[in-house]
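One chain, chain A, appears in both complexes that follow, with chain B as partner in the first and chain C in the second.
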Partner chain A sequence: MRLLWLFLALALLGPWFSEYGLKLASEAFILGLYAMAFNLLFRQTGLLSFGQAAFFGLGAYTMALLVARGGWPFPATLPLAFLISALGALFIGFLSIRLSRIYFTMLTLAFAQLLYAVAHKWYAFTGGDNGITDLRPPGIWGESLFYYYVVLFLFALGVLFLWALERSPFGYALRALRDNRARAEAVGINAFGHLLLAFVISGALSGLAGALQGALQRSVFPDYLFWTRSAECILATILGGSGVFLGPAIGATVFLLLRVVVQANTEYWPFFLGALLLLMVLFFPKGLGGLALEMASRRLKGERRGASGS
Partner chain B sequence: MKGWFAPLLLALGLALAQSQQPIKIGALFILSGNFAGYGKSGSQGAQLAAEEINARGGVLGRPIQLIVVDDQGNPDVGVREARRLILQEKVDFLFGIDSSSVSLAVAPLTDEYKIPLVVTHAATPNLTEQCRPYVFRTSNNARMDSWAAAALAATLPVKRWANIGPDYEFGRVSWQDFITRLKQLRPDVEVVSEQWPRFGSTDYASFITALMRARPEAVFSTLWAGDMVIFARQAKQFGFFNQVKYFVNPVGAALEVLVPLGKETPEGLLVSARYWFLYPNTERNKAFVEAYRKRFGEYPSYNAQEAYAGLHMLARAIEKARSTQADAVKRAFEADGGLVYDAPEGRKRMRPEDHQVFEGLVWGYTKHTPDYPFAILERMRIVPATDTIYPTQCKR
Partner chain C sequence: MSLRIEGLRAGYGEIPVLHDVNLEVREGEVVALLGRNGAGKTTLIKAVMGMVRVFSGSVAYRGRELIHLPLFRRAQLGLGYVPDDRRIFPELTVRENLLVAQRPGRWNLEQIYRLLPRLKEIEHRKGGLLSGGEQQMLTIARTLMTNPQLLLLDEPTEGLAPLVVEEIARLVLELKGEGLPILLAEQNLKFTGQVADRAYVLETGEVRLEGEMEDLLHREEVAALLAL
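Presenting the complex of A and B:
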């Protein structure tokens, strides 16, 4: 319910943004969706994927190739970007979920880098490091305000889906597997199947985010598949707090704003990001989202106490 | 009387302020990471030009305001920053850009927002072959460099050629352009080896030995920046430069390569850059080098001169157009067979069809002298602009 109010507020905010504000907000939602998708794995299953860029890039390249080479209209490519990244996640997940912990992480990283190499080298198909450009969706889809609503709608849809998933039996099963795999399997939960499905959902949502980002930026380049792109969703999640449901989205927004604001004023933005991350990890391990929740609950308590006192 | 005097003064003041409003130019350069040296030179060159233009009263009576941002050589960051410059800073022009992929990513924005882009470094021939109305390149591109190299290579008394270049579009396309052109000019040449180290490699040993085993008489290379510095050091230890008669590198005379190598640079390499600060020996060039040294305490590298000349050329186009409006500036660049500007390095002429500038190129053999702490060029060979004019698919 509270989520719906939030989305409504964001929708009402649309016309008040400047042209540039709309672009930034759209990018924040996209990065937010991407980080939320990552956190489905990280928080619910305890799997640290360092290859999330593989699906982000798969989605982006699916959209770009269909538009640029196939002449598809942009909206029609979104379901396909979703589907292809899901298929990619099915394949990569099938091979890597058998491994645990660091080996899983390394294998996902390896797959993402493999896809990066393909996109980087296969000039005839992907355009290599020249990328694919001129992806501005025609008509109203290319307008900032309309696109803001498209992205917001898909972001809301994704977030509500993840919210429902967390409260579903499937979500409980995932957390059971995370906390005590042997016991969960003993009660009859199919560990591999559950983890694979979570991996596929996470990949598909990441792919959707990638396709949206490609259209927003009007171009897709191999670095959509590079490992730094995988690191972005992890950083956003740490910044916002993985333990809080909306934490990754909050982290993504702050990450983006920090990048833009600090970079506009100094070229040392990685330094400020590093310092902030260090502070967060050392003093506020629950992230910005956790901090916000704590402050809100403290105020609530204070109000209650005040009310009972009077 | 007081009644109308104040509003009149206000209106007059507003009108004055209007005409004094600066022409805003948003420049994108790489200012952090491995290639920050190139971006620094570029932004300094542009800065010097802006100061000169403002000192003589600006353009159309308006001063030039240069806003320099770091694109990190990353297309996503480039697009985000270009948008910020256009939408927030309200720039009239985009300028600079070191990385080819950043230039290709930013180019579509010129159509979307009708903001012209003047590129002064990124060298992929693709950029101008897209025939965009508001994209201009005032520096030479990789194809022109390769054609110039081929024109010189055709005169060398050798047949067995090999290549070592960075494994990405620039390296691959440069070699293709070079060898195709060379075979047109000299059908008897043969290729004995192609080596493709990863861009940003730090170990070239296996590539150097593979090259030496193939026994080429001459080697073409487009290794640049730190890659060329590291390669030259390692190849020297292998005796590579003693075995190979000619080592040809169209981007090897960049000060960003020669200055870090210092006295380690092997002698007799046939190299070029898009500008060499000791050529031509004209008052114009000497004055530029002097002004640049006075301002920044170093010799101008090619990227500095290209950005300097690019900004002056843009100012000239604005002056000719009598406006900063995109279509008027486009017409000014295209009119009369293309805008001409006499830069420190010589005459630049814009081809109206594809908005690519053509210019003569200076080559030479590296040599150490007591006057400079790094190698300079001797036995200079000038490749005229006519030798680099390749056909274009663009039409206007």
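Presenting the complex of A and C:
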């Protein structure tokens, strides 16, 4: 219910944003969706994927290639971007989920870097380093306010889906697997099947985010598949707090705002980001979202105490 | 016949713990595995679930060979396993712990809460915050939610207060009354005497004695084998 109010507020905010504000907000929703998709794996199953860029990039390239080479209308490419990323995740997940923890993380990273190399070297198909440009969606889809609503709608849809997932038996099963895999299998949960499905859902949503980002930027480059792109969703999640449902989306927004502010004033964004992450991990491991929840609950307790005292 | 184990050699790594074990659990029967720590009771139950290495022999459930099936498939076929370390899912609430295991059948949330009202009272508490007795109740209840056709209980009374042991005996008898076959590993002879029909006494991975529970209760060798 509270989520719906949030989406309504964001929708009402739309017309008040400047052109630049709309772009920034759209980007925040996209990165937010991407980070929340990552956190489905990280929080619910305990799997640390360091290759989410593979799916982000697959989605983006699917959209870009269909538009630029196939002449498809932009909206029609979104379901396909979703599907292709899901298939990519099915393949990569099938091979990596068998491995435990650190090997899983390394293998996802390796697959993403492999795709990056392909996109980078295969000039004839992907345009290599030059990327695929001039992707402005036609007509109203290319207008910032309309696009803001498109992105907000899909973000809301994705978030509600993840919310429902967390409260479904499938969500319980994922957390049961994270808590204790053998125990979960002993009550008849197929660990591999469940983890693979979670991986595919996460990959598909990441791919959707990638396609939206490509259209927002009007271009897709190999760096959509580069490992720094995988790091972005992890950074946003750490910043916002992986233990809070909306944490990754909050982290994504703060991440983008900080980048704008810092880059306007200094050249040292990576340094600043590193220092900030160090502070977060050392002093606020629950992230900004966790911090906010803690303060809210403390205030609530304070009020109760005040009420009982009077 | 619910469960038939023949010529089972099983253990860990290269080392067998069980040697040529033969055992049967008939439909509707409660069978106890008695023996000291290290006698092989837990290994035997784990072998039925496929959690240890089986070197040779057969584990058949309702006539179907299980040896090559993974753990979750055995659970889906109707084997309900209650481990001895009674580790529930600490991050899930009591209710979620139960729902995660649910499969269609006689047992559902409502039935479980009727049988164990205490769980209803604490349904929104995280599993990790329960007392030992509550955790044991929840572990058994969670296994019932899978609607098992054969229940494997590994030392359900270990480390529990006498009152809680009584409660578990009541629960086991109730399940027995419904005709659910149970294989029970235990060291508590009093508890076992209350609930079991037959028993096997294990020592160093071999079956030393078997028979009706009532007879075994009065035999001195049993007391000797259990070192009571």
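The definition used in the following text is that the second predicted complex is superposed on the first by the 306 of 310 C-alpha atoms of A that agree within 3 Å, B and C clash if a C-alpha of one lies under 4 Å from a C-alpha of the other, contacts with A are read in each partner's own complex, and residues count from 1 in each chain.
Note that in this section a residue touches a chain if its C-beta (ideal position, glycine included) is under 8 Å from a C-beta of that chain, and two chains touch if they have at least 3 such contacts.
Just so it is clear, the structure is predicted and the values come from calculations on it, not from any experiment.
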> Between chain B (first) and chain C (second), which, if any, makes contact with A:Pro15: first, second, both or neither?
Replying inline: neither
>> Under the stated touch criterion, which partner chain does A:Gly71 make contact with: chain B (first), chain C (second), both, or neither?
In response: neither
> Given the touch rule stated above, what does A:Val187 touch, chain B (first), chain C (second), both, or neither?
Replying inline: second
> Between chain B and chain C, which makes contact with more of the residues in chain A?
Replying inline: B
>> Looking at A:Tyr172 after the superposition, I want to know if it touches chain B, chain C, both of them or none. Which is it: first, second, both, neither?
In response: second
>> One more residue to check, A:Gly139. First (chain B), second (chain C), both or neither?
In response: neither
>> Between chain B and chain C, whom does A:Lys23 touch in the aligned arrangement: first, second, both, or neither?
In response: first
> Across the two complexes, what residues of chain A are contacted by chain B and by chain C?
Replying inline: none
>> Taking the touch rule as given, give the residues of chain C at its contact with chain A in the complex, in rising order.
In response: 49, 51, 70-72, 75-76, 81, 83, 87-92, 96-97, 99-103, 142-143, 145-146
> Tell me, which parts of chain B touch chain A in their complex?
Replying inline: 31-32, 69-70, 74-77, 79-81, 83-84, 87-88, 100-101, 104-105, 107-109, 112, 124, 126, 168-169, 172
> Which part of chain A faces chain B closely enough to touch in the complex?
Replying inline: 18-20, 23, 27, 120, 123, 128-131, 133-136, 142, 217-219, 221, 223-224, 260, 263-264, 267-268, 270
>> Touching residues of chain A toward chain C in the complex: what are they?
In response: 169, 172-173, 175-176, 178-180, 182-191
